[in-house]
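I've put the structures underneath this note.
Paired with subunit B in one complex and with subunit C in the other, subunit A is shared by the two complexes that follow.
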Partner chain A sequence: MSAARPVVEVTSLSKRFGKVQAVGDVSFTLTENKIYGLLGRNGAGKTTLMQLLTGQEFASSGEIRVFGESPVENARVLERMAFIKESQRYPDDFKVKHVLRAAPLFFPEWDAAYAQSLVGDFRLPLDRRIKKLSRGQLSAVGVIVGLASRAPLTFFDEPYLGLDAVARQTFYDRLLEDYSEHPRTVVLSTHLIDEVSNLLEHVLVIDEGRIVIDQDAEQLRGTAATVVGTRTAVDAFVAHRKVLQREGIGGLASVTISGVTDADRAKATAAGLELAPVSLQQLVIQTTTQPTTTQPTTHETEEAVR
Partner chain B sequence: MSATTADGVRPASLPSLRTPGTRILNVMRLHKTNPYTLLILPWIIMGGILAVNIAIWVIVNIAAGPKGMHSAEQGLQYSGAGFWPFVYFVVGAVQAINITFALALGYGMTRRDYYLGTAAFFVILAALFAVGMAILGVIEQATNGWFLGGHMFTAIYFGANWWTRLLVFFFGFLFCLFTGSGFASIWVRWKVTGLVIAFGTLAALIIAAIAVLTFTGTWPAVGGAVLDGGPLVFTAWLLIPAAISAITGFFILRRATPRS
Partner chain C sequence: MDESRPIFQQIAEQIENDIISGVLPEETQVPSTNEFAAFHRINPATAGKGVNLLVDEGILYKKRGIGMFVAEGARARLVATRRDQFREQFVAPLLAEATKLGISSADLAAMIQKDAK
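Right, the complex of A and B next:
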């Protein structure tokens, strides 16, 4: 067993807004010094979940422990966290330099020199009003604060909106560099799954307020595969397995399944089937494209994927 | 998942990285990160209004002539120009809370520390402007109304001497800032719905009070108490609704969530 300490422990967490179940009976653990991907579609509950973890929203039921304590109105927990969200509002009269002057008040580990160098990397105009920034520049402000805060638990909620490809790559590079020098727990919520797929060590996929995948990224990529071959051979192979996606033309079939072991691979090859790797993005799309139901039945999916 | 077992690695209690005092002080520093809106702009506007008033006093002096100036000076005591900073700070308090609350919570401040720091900042703000306006009042008096017999900081409603005016200004600013913070909390937590209900309730309470005073025939007594007491007693009474608003605001904000 690894010595990794749990940083976040969530038990049966639910959050309702009126009749809408934003987060439904969610349980998971995040351990120290790992980069997590929190993936899911729009409205799946990613932001709500992070707002609950950072004490900004109040849970309807269930328990949250961050650094072993409830985060709600708990200064000792909150001062160890940074939550960078796309929708962060700033005072109307703030310029970029005011944000960088205010941030150290809240983040004890703030590194001002590092923040300055990031401002250069992202070519951010310090004297411009926040209101006048472009979408991408606004995202860069968030990214800089998130990185320079060096908070032991850092959340990035869709931090890349409006950032061009170069700036996004800069973000990923800086994140990895700084993470290796100053290990901490990072939770990255994103749509651009393939772009960050190499960064992520662990993946949480949320769909309709429920965690449908909670798995090591490497393992996840390794155990899902697309089986291609004649329909009869493919059907025989995938019988009694959780099928993520099925396509077929004439007598040929292509079926994506999870939980593929080495023995399965040997068996497939022997049956004359081809096994193709599945990208993380494909996997997430296939586990979260079930049509919306009023009462989510994703529980079965959850069990099967595990 | 198995790491949650009691293997003794989890500390019994998380150590504090900063003292509560530091955190509250940091909220105060957040409010003055960009000092322009609350600390600089009001003085600029004040200077502008004084300039306009001086221009008017010059006109009055020329029009009234040396003989008419005595009676004109009687009228100049009733200047309303000194009232605007109070209105400004009701709005300023609402805006400051509305917009820094989301940032402070986004950056990991507790609602409690945020409110206490904001309240402390408002008290200092009230003191700064009260002292500033009282000093301007002293200058106004010493120069016989900027050499023109004018009154802006020594208007008759503010009191007869410098220390009365200092306290009247201070209490007045406290009232405005904390009324503002009460309504700001309602806005941050419940948005338009909250404000509509709050104003509706307030209107109903005022009408009820008017009804009680009218039917019991106590208007003269109340009016007398306010007028006889003078500005100092009147503004001191305002501290009661200010305190109610401040305390209510605290409890309202403690369950508020930052929404965009």
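Right, the complex of A and C next:
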């Protein structure tokens, strides 16, 4: 593989809506041809961040470079991006086929034959009005546009609403397949972390407008573990370490820590402790469950974003 | 896939198992990174990392423009490594559990003798 070039470079980016800090002093880089997971709770700032990157919102401060340029009102940059939103709006009289016919106007890399085969995969009625589609079918339209656009930078913002388990699996399978043949940068924002965790190469977790995890998915996996054993043994083992979560019953304790090395594992086994794996979903939950600090409630942030 | 260990290690281990069991004989082509990714539903970069681990160890080698192949002598080398690890990975936990249950090493040896027949 060639050296990874940056596709998105964000420096000290902030976005305020009135009193609400939706994105607060965020810096990160997305490199070419990786699948990213953008994870976080409702109102954490995921959608706002994607709107900023796609030039649909103006930053309050900080800098955004997409393909080396500012994305705001920049056709050169915008035509290389696809942003599939949870609630995409279409003209009232549009049918599915009209969406597919209009798509090449926005996406120079559009593959009409591929879009057609995806329509079959998702069993989408081409002649039906968009307004008459079920929630799942509407999501399928977005998924098809996102995949067939082959945009070098594609955002999927919770694209699965209403999609049943079969259709979601079809989406993941087609995404992997098409990504293998046509590598590009994909950002998947989702709450169904367990379903996508193996697809991701890199994980960004955002909480209260700040990036709290920015790490390679494989490094993340296996470095967090839950230590289970007698309270005294567990406490001795986790002393001076950052504890993500602690539970206990009677004389037993169960503590989740990160940054577990092979040496730690050997030490734990020798101390008679059990080490249980922590899934990406559990890790995200435990990293983002702290109650809000000075930030407004997540509910308010969500309102402001809309 | 098992959550506790990196996926690329598990991919490498599965290829090793297939080489040891003879499913992948020496000098045959192994599936491509994209095929591994699609089959296991994992990121191709992760699958590639697993394959490359075995290339670094000389178990697989690359034929330019064709793909990855099982190296000559790969099976014998893998078997030797696995034998070295056998004691630590299987015998030690077996003895630890036996001690916990009060099974003497003589009883354990008799059990193994009996079941091996």
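Couple of notes before you dig in:
Assume the second predicted complex is superposed on the first by the 292 of 306 C-alpha atoms of A that agree within 3 Å, B and C clash if a C-alpha of one lies under 4 Å from a C-alpha of the other, contacts with A are read in each partner's own complex, and residues count from 1 in each chain.
Convention: contacts are C-beta pairs under 8 Å (C-beta built on N, C-alpha and C of every residue); 3 or more make two chains touch, one makes a residue touch a chain.
Treat the numbers as computed from the prediction; the structure is a model and nothing was measured.
Superimposing the complexes on subunit A yields a three-chain arrangement in which subunit B and subunit C fit side by side.
Once the two complexes are laid over each other on the shared chain, residue contacts for A:F67 go to subunit B alone; subunit C is not touched.
In the superposed model, A:E201 lies in contact with subunit C only, and not with subunit B. Measured by the number of subunit A residues touched, the leading partner among subunit B and subunit C is B. Residue contacts after overlaying the shared chain place A:M81 against subunit B, while subunit C stays out of touching range.
By the touch criterion defined above, A:L273 reaches neither subunit B nor subunit C. By the touch criterion defined above, A:G222 lies against subunit C but remains apart from subunit B after alignment on the C-alpha atoms of chain A.
Distance between subunit B and subunit C in the overlay is 18 Å (nearest C-alpha pair, rounded to whole angstrom).
Residues 1 of subunit A lie in contact with subunit B in one complex and with subunit C in the other.
By the touch criterion stated above, subunit A contacts subunit B in their complex at residues 1-6, 9, 29, 31, 51, 54-58, 67-69, 73-83, 85, 87-95, 98, 101-103, 105-108, 145, 151.
Here subunit A touches subunit C in the complex through residues 1, 34-35, 172-173, 176-177, 179-181, 198-201, 217-218, 221-222, 225, 275-279, going by the rule given at the top.
For subunit C in complex with subunit A, the residues that touch the partner chain are 1-8, 34, 37-38, 40-46, 48-49.
Listing the residues of subunit B that touch subunit A in their complex gives 1-4, 9-11, 14-18, 20, 23, 26-27, 29-30, 33-34, 36-37, 95-96, 99-100, 102-113, 254-255, 257-258, 260.
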